[in-house]
Every structure is written in structure tokens, then in C-alpha cells.
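Before I ask anything, here is the structure I am working with.
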């Protein structure tokens, strides 16, 4: 397919690379142009502004850091809103607020464009290995047409129905679940360690019995080692995602005390100078509080 | 082996049955004798008091509901403390406090008896199917000798080292982890439901991507359905286990805010009349608070 | 003094009335003009747009519901920004975010206008009785010149220094303190009631010993009676103020777990249909959870 | 009156001294006898065991550190249970659990002795100055007879009805309220300080407007100064009182999330080496978390 691709950060650049590898024809745009340039050698066209990346393509993908970035690229001057043709689709793979996802759905509908929400689970390594999990929602025909794209980037796509924002609800709630795993392991490890048990032993037993999920293995290893320099997902981005779930919960009038607790962990971690660390560093708060 | 087995509740009776099936010779004791009687037909000897179940056996297993029950059976009148021979082992498979586990270790040591802690993960169905996960700790020779017993009752045994109470640390911390899964799913489902997404869809996506662990599948299904009449583990027992982790954490000076939050869920659930429900019913608090 | 007064809600209308009573000459503005009209009979001039209320006056007071309202009136079309003369003051008595207060300080400085922050403590009855507590901060000369105005509206003015936004920091933190009183009384009353003690007896003992402060008497009576129809301060406004303190705390990297807990109370109360009640109705969450 | 007085700690010794000063005839008992000896010079008789302090007196007062101490002195060997005459009263002024207070009521009733619960609010300075607040409950005739005693020790007595344990419900709930004040001030001061406002200025404004209660002044000064060496009430005793309120709340099925939060603060403070500090040192947790 002829695709626009906007946002070449640590996730987006891997995803774009996999699309090219699978034979798709890309026009790429990145605010900082230097990150886009290597893609010329791979055969991609480099756009000077977002609108160009959405012109003369079958669809345009956005993979950006937050609401503000998506708003700028969609609704801003030279945004994709005006250049995207009627009947073409904007595939939003960024993790954005449910509120913005709803607004995008509405805005595209008014212009007879299509809107597919397709946020992803997975860290940069998974993106590089085309092992992302993709949650897609939107008009079923469009979602179906996107399947070859998703196959090029992920290991599995889940269909979340016709209402695009549902995919973002699922994504941010899923991220909340991950954050609860980090916090629960942090508290557990602090307890076992101060009770004379090696956290790695505890983790090994858990991940070979009831907690066999990848998320416990990946984060368990990070939390047990208390090493957070290698950054898969920066701590302030974790706070951003926490903000998204708390905003959605407030809009829907759903109290989420675990999300509140984790928010306080993020803020404490930032107060203690961990803004550059991986988000699993919120676990260090439990360790410090326990005097470890 | 010639074994004593004390405690024939919903877990213990299945475990004892599996030991007999595997060819071990049992003397069983249960406070309410009627629960012991069916075992006569299976070839077990029925003891009239705990001490009898620990006499003339290679080792004695206790599988009881709480600290109080274990204390009564071990230290009480006609307890096993006096009848168990020097060099023989008490295998404590109950979920008890770390403090009591430490006290048992000391008391048995003084009488030159052995103490093996071997608590289990799994609900009654898993006990019946000999699919328990067993965490064993204690003197390595004794733990090794117990392996055929564990093989008859569980699908896998984890060795947690020479210090018996470590097994109980791991067990109660593991139960804490399970409780965090229930609460995190409860909050998640309340949010997705009020945001227009079917909790079952959310659960299916999660358990087929990052959260493939049995614990998410088992409890996810219960929480999504909000059906708690079929009781695998009664709610007040969940509060008891929460108490165990909070006591261990207080002793070790480890703050565990998630455990505190979950304690409040248990108490709320009890205040709202859910004492007879499965412990996953603490999830109904999130649903009620959200107005669902 | 010749004063502009913008915002004639339940607080502002009482405050404006007291200024007129004290002999000040007012030009009033309210978005919904009908609320302004009664002031003509009191001798006030009625402005058609915010800018008019800031023209040909010594200073202009804004007493509005939230950030959005203040931004509209200050920075919007026909806002006060352009009509206020150099050297004249904007006295912001609304409870707004620290961030907006900082922005106002900067914006007025650039135009050589003065900015005084003077938020108030007190419910509408206190405003009517000129019994407000006023926390004023800003350039000392301007704050001093405002004193006769403050004396007409309040029982006491506190000087919070030269940095105007400090007054808003104090105001929103003070509101947080009040919210903690409501929640702590709610939990206390639920406990004493279920333990067989009359909450009113408990309250009487507390407010005649260690807790002699008005805030315990006022809110204690409301919480004990669980009557929230008479609305001094609407529940969603309480959530708004909670949002202000949580935003300030996030900006300053200060975790505030009590504020988080109270946020969840507000959201629960809204989910349970209490949006029209007084904000002390968050106490009903504790009562419901306890099964009362 | 002829009185027994058991428990001459930092509170009890001041209270006993005030009783002697008021002309009452005392027989005193303290486990560590050296603390009792100075009372001989004041004319008191020194008992060698608790039972002696309850013999040949009109009533006996106990003022001890915790449940265990009261149980030992009442039910233990040489306890007061056997020596106290029918019709005489045990006046329990210690802060004990509601459960123990209920048990004492029952036990004394069975022996036709009277039981008056009369716990106190106030730190050692208040005890020395006879400025305690006393909450008394029990049979009205006995409570009335105790009035001269209470007048000698306190500035005011509150009557909490005929059911003695109600006084302990009120006392431990009152202590919970105090702990919420410490925590709310800690969070507030951390916020204002990191926002550039002097906590003392904030405190002065609060305690001169809505928060005029002594408890805000006393603890506000301690928390603002972050000086905890002068110990009025030791931190682990604060945790003990928190345990009492949480136990009462669990028994009554009342979730108290603020009490849970404060429990975690105590445990964190202990993990960070503050066991010898005044209980207001739990406020340092908020300061540390905020990076102050």
C-alpha cells in the first residue's frame, strides 16, 4: 500500500522500517527531520510537513508521543486534516486520551474520512522484531484493509469492534494493568527481601506457577535488579499514561484507587530525580520506603 | 511412607486422597471426626487425637485453616509436639503466619524433630487433580525425602532453601500478588464497562497478549461475570491472608500500600454482606463505587 | 474607590453588595446579565462586557468559578487585559490554579498593570456577613491600597507576601485541609456509629477539647446529620478544587496521598448521583461502604 | 478518697501526683518499683503487687501503656481482679482496645465489681498541669463518684454514657483524628514549601482562620520545624493506637482508608529509623518523598 507515516521515535521508526520491509511504499514525516533522513536510503519519500504525508496515499499512520503531538499533526497548520482525501483513513497508533480519540472520530467523520484506532502493546525491542500486539477498532472494512499493515508490524491483531475509541480505552487500561504489576512486584520484593528471601527466587517461583505471563517476567527482572538505566519506556511517559487512565476514569465516573496510588509513586519517583529512568523505576519508591 | 495427615477440609481431604492413591499409608485426624470417616474405607487409620496421627509414622502433615488451628494441633493438649519422634518431620502445608512458622521451626529444633514448610498454591479443584504448586523449604535431606509425597499432590515443587519459614514468606506474598490481580481487574473492568467496552473483550485481549497467566484467566472470568456464589476460597479467608501479609510486612517494617488498599476492600465487602462469597467478590466494591 | 467587579455568583454578589454598602463605586459585569441587574438599584453601573468593567476604575476585582471563566474574562475578546490602565490593579479573588495565577502575574507585568491575588475562605453566609478570611499577596503598596476593600468584605486579611501566586498556593492547600477534615470525620463517624456511639456525642467531645476549630463544627454537623441538600459549595466544585491541588502538587513534584484518596471519594460520590449535593456529601461514601 | 493507682509512666506519675495534691490517699504500684519510690515521700503507700493496690481502697485506677500491660495487671497472678471488693470500681484510664474494654466490663460485672472507662486526651505537659480532657463512661453513679478524681487530673470531663467501652471507642477514634491532622499538615507543608511558600506563614494563616484548634497549633509547629527529638508521644505508640483503631474498625466492618494510609506512614517511618522520635515524625515521610 501507499502509506503516510508520521512520527519516527523509538517505536515509530521500527514500525516504519517493518512496513518498508514488507513492501509498502512510505512517505514519512518527523518534526525533527534528521530522524527521517535515514529512511530515504530505504526508499521512502520524506515529507516536509504532515499534510504532505497524507496526500496521495491510501492511508496515513500516526505514531506520536502524546495528545499534543497528535493534535498538532492532525489539526494544526499543514496538518493531515485538510490533505487526507475523502474515503481515506487515518490510522492512529499512538497512545492518546479517549477524549481525543473521540474527537478524532468525529472530525474525520465530518470530512468523510475514515478513522481507525490501532494502539500497540510492546516496547521498542518488540517493535523492531515485529512482535507488537495491536488493538484495532473502527469501521470493519477499513480495519480489514489495514490487516496487511498490522501483520507487518505485529505478532497479533485484536479486533475491538466498530467504535474506534474503544481501542484506546483498551490500550490505556492495559497500560494501567502493567503499572499495577510493577507496583505489586515492588511491594512484594521489598517484603521478601527484608524477610530474608531472594526476590529472584520468589520471582522464579511465581513466573513458573501462577504468574507465567511475559509482563511478570520482563518487569520482574527489572524490579528485582533495581536497574533502570536502560530505558524502554521513560518514567514521565508512564506518568502520562497514568494521567490518561485517570482522565478516562474521571470522565466515566469510575474511582480507581490503584491508579491513584501509582500516580503518587510516579510523582515521588520524579521528586527523587528519576525522570530519566525507565518507568519500572517507580518500584524504587517501595524499596526506599522500606529502608532498602 | 507411613504418614500422619491432620486437617481434612476442602483442600486437605483431596490431598490425603491423592497420597493414599499413590500408595502411602495414612493415619488421618480431623477435629470434626465425621469428615475423617470416609477415609477408613480407603484404608486409612483414623486417629482420635492429633498426637496419635504423629505416632509411629515417618512424618506428619498438617493442612489447617489458620494459625490458631495449627497451634492447637501442635502445641495443645494431645498435640503432635510430644508424640512425634526425634528425627521425624512435621510438614506444615497450611498457610500460616511467618511468625508462627518461625516459632514452629524453633520448637521442633529444640526437640530434635524436623520442620518442613510446604505451603501450596491452588484451589480445591487443583488439589483434587494433583495439580498444586508446592513451595518447600527446610533441611535439604528432609525436603528431598518428601518429594514423593509432593509429587503425589502437586504438579510441581519449588525448593525455597533451608530456612523453612521462607516458604511461608513466599506463599503469603504470592497470595498478596493474586489479590492485586483481582483488584486491578476490578478497577479495569469498571472503567472499560463504563466507557462502552465489554470487559470480556478486554479480558480476552489481555490474556492473549501480555497477561497470559492462569491467574488472570481464572479471576478475570469471575470478576467479569460478577458471580461469586461458587466459592473456591471464602472471602474472610482472603482477609485472613491479607492479615498475614500485613503482619509480616509490619514485622519487617515494609509499607505495602496495595495490601492496605485491598484490606479496605475486604472490609467493605464484609460490611456489604459478602462474607459467604468467593474472595474475588472484593471486585464488586469497585463496581458498586462506580455506580454499576 | 472606583471599582470594577466581575462575577456575581453566590459569593461575588454578596461581596459586591458589601463593597457598595461601604461606599465604593462599582461597575459590575456578569456573563448572565440578569444577575447583574439588581445592582443597578444599588447604584452600580452595569457593564456589557468585561473590558468595560476595567475601564475608568481604580482597580478591577474578578470573582469567578474557575480557570476557564477567569481566562475568558481576562484574555478573551473584550477582556480586561486591554482596557485596564497601566498602573491599575487586577485583584483576583477567585480560586484558580497556581499555574494560571503565575500566568496572570506575568501578563499583567508585561503591560505594567498590577496583579494582586486575594482568594477567600468562607461560604456564601460568611460572604454575606462580611466575615470572609482573605489571603492577599502581591506588590505591597497595592495590597495596602486594597485593604479598605478587604475590610468591607472580610473579617480578617492575611498578608502572604509580594509574590501574588503564593496566595493561591495557600488557598488551594487550605481547601485541601478542609477536605481532609470532611473525610476524617466521615470515617470516624462511621466507626463510632457502628461501635454503638452517637456521632453527635463524639463530635461534641471533639469540638470542645482538641478540635475547637469552626471547620470541625460546621462540617461535623453536616457529616453527622448526613444532610446535603442545602448546598454551600457544590460537590463538583470540590472536585475542581481537588484538581487544583493535585495539579499544583504534580507541578511541584509533591505526592499527596490524602488528596488522591479524597479525589476517589469525589468521583465515587459523582458516580452515585451526588453531583447536586454539597461537597460534604463525599462523607456518604464512607457511610455506604460501611453498610450504613 | 482512698485510691489504688497502677502505672507510673510519664502520664501516670503526673496524674498520681495531682491526685495526692488534691488530698486523695494513694496506694501506688509500678512494675519497675524505682519509679514508684518517689511517691513514698509524698505520703503514698507503695504496693509490691497489683493486687495490693486494689485492696482496702475505694477504687483503683490503671494508667498503663497497652492491652498487654492492662491484662497482666488485671487478670494476671496477683492481679486486681481477685483483691478488688464487690461494689468497688476499676477506673481504666489507659488507651486500650475496644475489645479489651468490653472484656473488662464483662469480667468485672461477673464479680459484681464496677468498671469505669476514663481514657484521657493530652500529652505529659497537660497531665502535669492537670489540663487533661477525660472521657468517662460507665454506671452513672460510679462515674459521678469519680468526678472529684477527674477534677484533680483534668480540665474537663465528658460523659460518654453508661456503656464503659464507648469511652474507649471515642478515645481511639479521637487519636485517629489527631493522626489525620499530622498527615494532612505534612502533605500541605511539603506542597507549600516546594511552591515557594513558608510553611509557618501557611500555618499561621490556617490557625488564625478556620483551623483555630490547639491540635493544629501544637502539631503544626512540630511538623513545620521537622524537629522530633523532644518526644511527647513515641512513634511506636502512635502505631499502637493506629492498630487499635484499625482493629476496632475491622471488628465493626468499617473501612477506614485514611487510617490505612497513616499506618503505612508509621511503618515507613520505622523502616527509616525513626522509632525513637515523636509520633509527629511520620510527617517526615511526606517531606522525604517530595525530595525535601
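All chains are identified by letter, namely A, B, C and D, in their written order; residue positions are counted from 1 within each chain.
Please note the rule applied: contacts are C-beta pairs under 8 Å (C-beta built on N, C-alpha and C of every residue); 3 or more make two chains touch, one makes a residue touch a chain.
From a predicted model like this one, the values you see are computed outputs, not experimental measurements.
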Task: Identify the chains adjacent to both subunit A and subunit B in the sense defined at the top.
output: C, D
Query: Quick one: which chain's Cα centre is the longest way from subunit C's?
result: B
Task: Write down the chain pair with more C-beta contact pairs when C-D is set against A-C.
output: C-D
Field: Whole-Å separation of chain centres (CA-atom averages), subunit A against subunit D
entry: 54
Field: Centre-to-centre distance between subunit C and subunit A (centres being mean Cα positions), rounded to whole Å
entry: 39
Message: Show the residues in subunit B shared as contacts by 2 or more other chains, in ascending order.
response: 249, 253-257, 261, 268, 271, 289-291
Chain-level touch network, classified as line, ring, star, complete or other: complete
Message: So in the complex, the part of subunit B that touches subunit D is made up of which residues?
response: 249-250, 253-257, 260-261, 263-265, 267-268, 270-271
Message: Please output the residues of subunit D touching subunit A within their complex, sorted ascending.
response: 257, 268, 271-273, 285, 289-291
Task: Could you pull out which subunit A residues touch subunit B in their complex?
output: 98, 121, 133, 135, 156, 158, 160-161, 163, 166, 169-170, 173-174, 176-178, 180-181, 183-185, 187-188, 190-192, 194-197, 201-202, 204-206, 208-216, 245, 248-249, 252-259, 261, 286, 289-291
